[in-house]
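Here the chain labels run A, B, C and D in written order, and each chain numbers its own residues starting at 1.
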Amino acid sequence: MRELGIGLIGTGFMGRAHALAFRNVSAVFELPVRLHLAALADADGQRARHCASAWGFERAHSDWQQLIDDPKVNLVAITTPNHLHFPMAMAALAAGKAVYCEKPLAVSVEQAQQMQQAAQAAGVVTRVGYNYQHNPMIVLARELIDSGQLGQLISFQGEFSEDFMADPQSPFSWRCEEQHAGGALADLGSHLLAMARYLMGHVQAVCADTQTVHGQRPASSGSRELKPIVIDDQAHALLRFANGARGTFSSSWLKHGYKNHLSFEISGTLGTLAFDQERLNELRLYRVGQEGFQRLLAGPALPGYAAFSPAPGHQLGYNELKTLEVHELILAQVGQGQRGTDFQEALEVERLATAIRVAAREQRWVNL
Amino acid sequence: MRELGIGLIGTGFMGRAHALAFRNVSAVFELPVRLHLAALADADGQRARHCASAWGFERAHSDWQQLIDDPKVNLVAITTPNHLHFPMAMAALAAGKAVYCEKPLAVSVEQAQQMQQAAQAAGVVTRVGYNYQHNPMIVLARELIDSGQLGQLISFQGEFSEDFMADPQSPFSWRCEEQHAGGALADLGSHLLAMARYLMGHVQAVCADTQTVHGQRPASSGSRELKPIVIDDQAHALLRFANGARGTFSSSWLKHGYKNHLSFEISGTLGTLAFDQERLNELRLYRVGQEGFQRLLAGPALPGYAAFSPAPGHQLGYNELKTLEVHELILAQVGQGQRGTDFQEALEVERLATAIRVAAREQRWVNL
Amino acid sequence: MRELGIGLIGTGFMGRAHALAFRNVSAVFELPVRLHLAALADADGQRARHCASAWGFERAHSDWQQLIDDPKVNLVAITTPNHLHFPMAMAALAAGKAVYCEKPLAVSVEQAQQMQQAAQAAGVVTRVGYNYQHNPMIVLARELIDSGQLGQLISFQGEFSEDFMADPQSPFSWRCEEQHAGGALADLGSHLLAMARYLMGHVQAVCADTQTVHGQRPASSGSRELKPIVIDDQAHALLRFANGARGTFSSSWLKHGYKNHLSFEISGTLGTLAFDQERLNELRLYRVGQEGFQRLLAGPALPGYAAFSPAPGHQLGYNELKTLEVHELILAQVGQGQRGTDFQEALEVERLATAIRVAAREQRWVNL
Amino acid sequence: MRELGIGLIGTGFMGRAHALAFRNVSAVFELPVRLHLAALADADGQRARHCASAWGFERAHSDWQQLIDDPKVNLVAITTPNHLHFPMAMAALAAGKAVYCEKPLAVSVEQAQQMQQAAQAAGVVTRVGYNYQHNPMIVLARELIDSGQLGQLISFQGEFSEDFMADPQSPFSWRCEEQHAGGALADLGSHLLAMARYLMGHVQAVCADTQTVHGQRPASSGSRELKPIVIDDQAHALLRFANGARGTFSSSWLKHGYKNHLSFEISGTLGTLAFDQERLNELRLYRVGQEGFQRLLAGPALPGYAAFSPAPGHQLGYNELKTLEVHELILAQVGQGQRGTDFQEALEVERLATAIRVAAREQRWVNL
């Protein structure tokens, strides 16, 4: 393959984040293939054309199936609401195209399983947008763990909290719908579960507690009509990892003061590390024999960072994590990828989230 | 009562902390009674005499029963290993004396219950040394909650971790013995459970997971003989509060890098507050409408602080929390106490810790 | 003007940072003109061609004068070593082209003055790369000041320290040459002086102390030949602002542990704000009546941030500050610019830096 | 000497701090002499009696000369307003008694010099209350420096800011009077200068800028009468140390948000350390080869800490620094003191503060 044609579906927050990443990746990395921004799709044709022009895509489509069918498109990036991931990914896989889908993979384990099977049958590269894992600080965390510098892992405390739904007047949206994989657990928690699996490995058993604090919300912004809510505003769980470590998990979109608080602390018999996405360029690390926690700053010695800056401490932004994810996706296309969540792994994340829901509903430990 | 005679049993870390507190309290506060440091007891008579002299106690005893019987002693402070709390407190209560006992109250719920009943029958003041609650920052946290400034409480994340047993060569001690209420849950976790109850109220149900990471330790420092360990090195739990809030609990004495990390975060529908005992003079607070978390520093506007300094930001130390606890104890003697953990409340803490042990052993939710 | 042709000279760290910014700006903002990446120049023709292709520039030049003469180029961006800023900018201005020059403007006040005069005569837009000012948090700081929320300004404490020259074996480079505007004051300090002027206004008088700690360095990496060094490793100054505020200034490239520590604290009669570039998405703010410092996180309510993310706390990176700078530059081309350092202002920064050098050399206060 | 009789003059904030320290020191340390709290003096005889009783002093005096003459008093502690230090210390020295005087030593260099000469002639132990130096973290900082772990010292940035005078309605007091050594420089800055000398050694030259921001204040709290103010609200200086290091100094009592911000950063050719009194139990340290700054917590390995707690991270309070100072004072009485500011050293601090005033007044560098 000499050129890789990109087709992007969706023009919202994540659509633009993908577009930026595809634009940047060839400027910051030496790529093994040439990228071609082939097509952009949005149900609103005018918006599709406008964004295609602004973001540098060759064509615009209002019908996403046409984008998938476009022979110039080799890889389909899906950034639409959760319930559309399934039909779009299935169609792309049926067309034999690589798929880069935003998280969560699907709105049910059943869908996720079908998608994983279709991907396996198609034999194409798949990726799901758990972009936080591509942070050089997280890659460093993984290396510290893999190299045994923390010793045997014994505990994990993780929390992903934001406050964008903390106001009970924040209106109902698809994020509040059960059939769209709504709720804090799906929306935020799945990122943390993916992270826990990436760093700690398989989770064998969970016990959990989920809660709907605000049982109704305005049907739309400012509306007096109230819609009932059944999905979780916050979720807490105990985790038992296959490696013997134990831990806690929390996820909330009601926690005042937090904007992107994907945070965790991992301890082993030789040390402890801690991370908070609100300071994504830092890692706190304590190794046996140190006098206190060190605050590490991201720098060019870490994988990926040097592509953006030769100087340490100059900080990557959220969007650059997406560029790093896309870089790994492209490397995977030529068999050189080292990192990233494929459909198989994303299915495992969905299974874990589902186990948490079952454990909470049935008030018991659930084995995986 | 014009004078209150203090009898102190034990001369270890906590013994000295009590002695310092009793010495300081009359200098920093205007007390409603005059304190008399009447007697000090230690099984080692020579040590008893030495400490009595250094710390200003009138008499020394090698037999604690003599101290209890001493007519000059009105209040008995117990700072011995956990398994001695029961006989000493029971004897003191039988003699009709007030009791100030270090935590945990006892080594079993059964003992604790007997102690509570004896205290009730004796009609005397009792206190258990959950001194962290007397920190002015914690009193402020309680006021913020009680006054509704956080709104309806919805979540609690608490962790008490240290690393003093992280080295597998740290030897066996009574803290490792089940019958002495050993383990991270009893030693550290009970402080956090008392704090959770103080700030959040009653816990209705728990699910938990405890773990022994290091199954054997040297019988004594440097010894080659290894003793098996059955108590917990770390404990994790889910908490359901009677007020509807949910949360997580973690306790570990294996977590590298932490020295006194009694920390928690409480969120409500109107705000979030966070605390870490490693920075005991600070509180992080976010209220709806603020632009970001505030870092509050302790100052003389808070209850208790002004007794030590008229200037904000000058910081209290660990020992001064003990002085504040003793002050409340003395106020309680004259019917003016406002705060502090009595035997009834300490029994509830033991019940909660026991429920966590049962939930972990039986791998199920346990109601209280 | 319907299209703006960009010519970029230089392909180093800053060359790529400019290229990324020009690529990104049309994807993240709605621009009033269409950008055309017309030409890229590097003395190494092969590198010029390679980078032009990777970064999306239409043509490559090995002779920068050809780039300036290129009729498709309307705006010349200069990212070469300091001593080349003068000839390149003068040539571009002579050709009537807009100029976007990296900092510092020139290697002497005399050059800077000529450049400013040439710019004024040419009547074109000019900008100098003091990109840190385009950080939304800095724009917020300026707004807090301008709106009077800090009251009358009374003090400024500023420091820009890194440690990339802390190792005495770090070799000699053009950054160590006096005639190339070398030294910590020029390299780092000028950023801080520009920031001080942006936020606090004109500096009337300075007293200063500069120092060469390592008087010689290897001629090149690993070389045994030592070259003498005369420029400053660190500089300290007292500043008197025209608005009556007083302050301190420090700049060092020897300060171990710091990677990008452009930091300052500004206090007024109504509050204090503090910033550190190593946490560029945060601002600490205290206003009269607050209980403690607030930690503000960047979010979409701030100018510029929303172009990158609709969600607060998702963090911008260093490169995105450059995109914001380029955005203002483009707005200025159509008369809509609001921010940015033009040649006039950059000349004032050079005058201030020079006054500091004179004050240090002559050990006396120097008025501006 | 078998017993050391303590006479304390003054019952304000510092009077009580001294009393607490004298009470505590024999409980927490094994002392080489027995302490006797012999006498307490306050011009208000009733208050003297009340405090003597509460704090455990044997006698009360309303005439401080009587206290000095009291044969049971071997050591005179002076905690009165600054202008009384001179007559009281001179009288105590004339009586051949050891003197422990609060800072600043005197209200003029001339007085300080006489006091130093009288102390030398008397041949007694003297100490001045620069208690911050007795913090175990500061002792550690000194050890890190002395042992060469920071390499050759190259820079010092120090600031002592509070905000207790930030409100222009904060009334006039003796702290605002020039003849009483008023002003932020004397009140706060002298602590920082003493610290700079303790850690960095002699200062050879200074340049400085002082400023009165609020030129008048209410004569007393709530009064409409305004009194003119001439002393400094804030002071800034450049420091040149005899060891070759350079640095900045700031002192303000107008800086909103700060309560006890005695902070500094010291860098050398091998590392950097940083401290802030608002977190007095912490030190930030970076050594060549580390990945990032470490946050050290005070613990029992440090000199002095173990007297208060056997466990690290349990934190000392402000008052305990005073206890440590008193401990060193008592050791000095028996020829075993290792630390502390005597009259000779305090005189050097006054000379340095005076040089700063002269440099500011005459707007020039001043050599010492």
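The rule we apply is simple: a residue touches a chain if its C-beta (ideal position, glycine included) is under 8 Å from a C-beta of that chain, and two chains touch if they have at least 3 such contacts.
Listed by chain with UniProt protein names: A, B, C, D = Gfo/Idh/MocA family oxidoreductase.
Since the structure is predicted, the reported quantities are computational estimates derived from the model, not experimental observations.
J.: I need the common contact partners of chain B and chain D, sorted by label.
T.: A, C
J.: Please identify which chain has its centre, taken as the mean of its CA atoms, farthest from the centre of chain D.
T.: Centre of mass proxy via C-alpha means gives A as farthest from chain D.
J.: Determine the centre-to-centre distance between chain A and chain B, using the mean Cα coordinates as centres, and give it in whole Å.
T.: Centre-to-centre distance between chain A and chain B: 42 Å.
J.: Once you find the CA centre of chain B and the CA centre of chain C, what distance in Å lies between them?
T.: 54
J.: Using the touch rule from the top of the page, what residues of chain C touch 2 or more other chains?
T.: Chain C, residues with two or more chain partners: 258, 290, 292-293, 297.
J.: So in the complex, the part of chain C that touches chain D is made up of which residues?
T.: Spelled out, the residues of chain C in touch with chain D are 154-155, 157, 159, 166-168, 207-209, 211, 213, 233-234, 236-238, 240, 246-250, 252, 254-258, 267-272, 286-288, 290, 292-293, 363-365.
J.: Can you tell me which positions in chain D touch chain B when the two form their complex?
T.: Going by the criterion above, the answer is residues 13, 16-17, 19-20, 23-24, 26-28, 30, 54-56, 162, 164, 258-261, 277-280, 297, 299, 308-320.
J.: Within their complex, state which residues of chain B touch chain C.
T.: 285, 290-297
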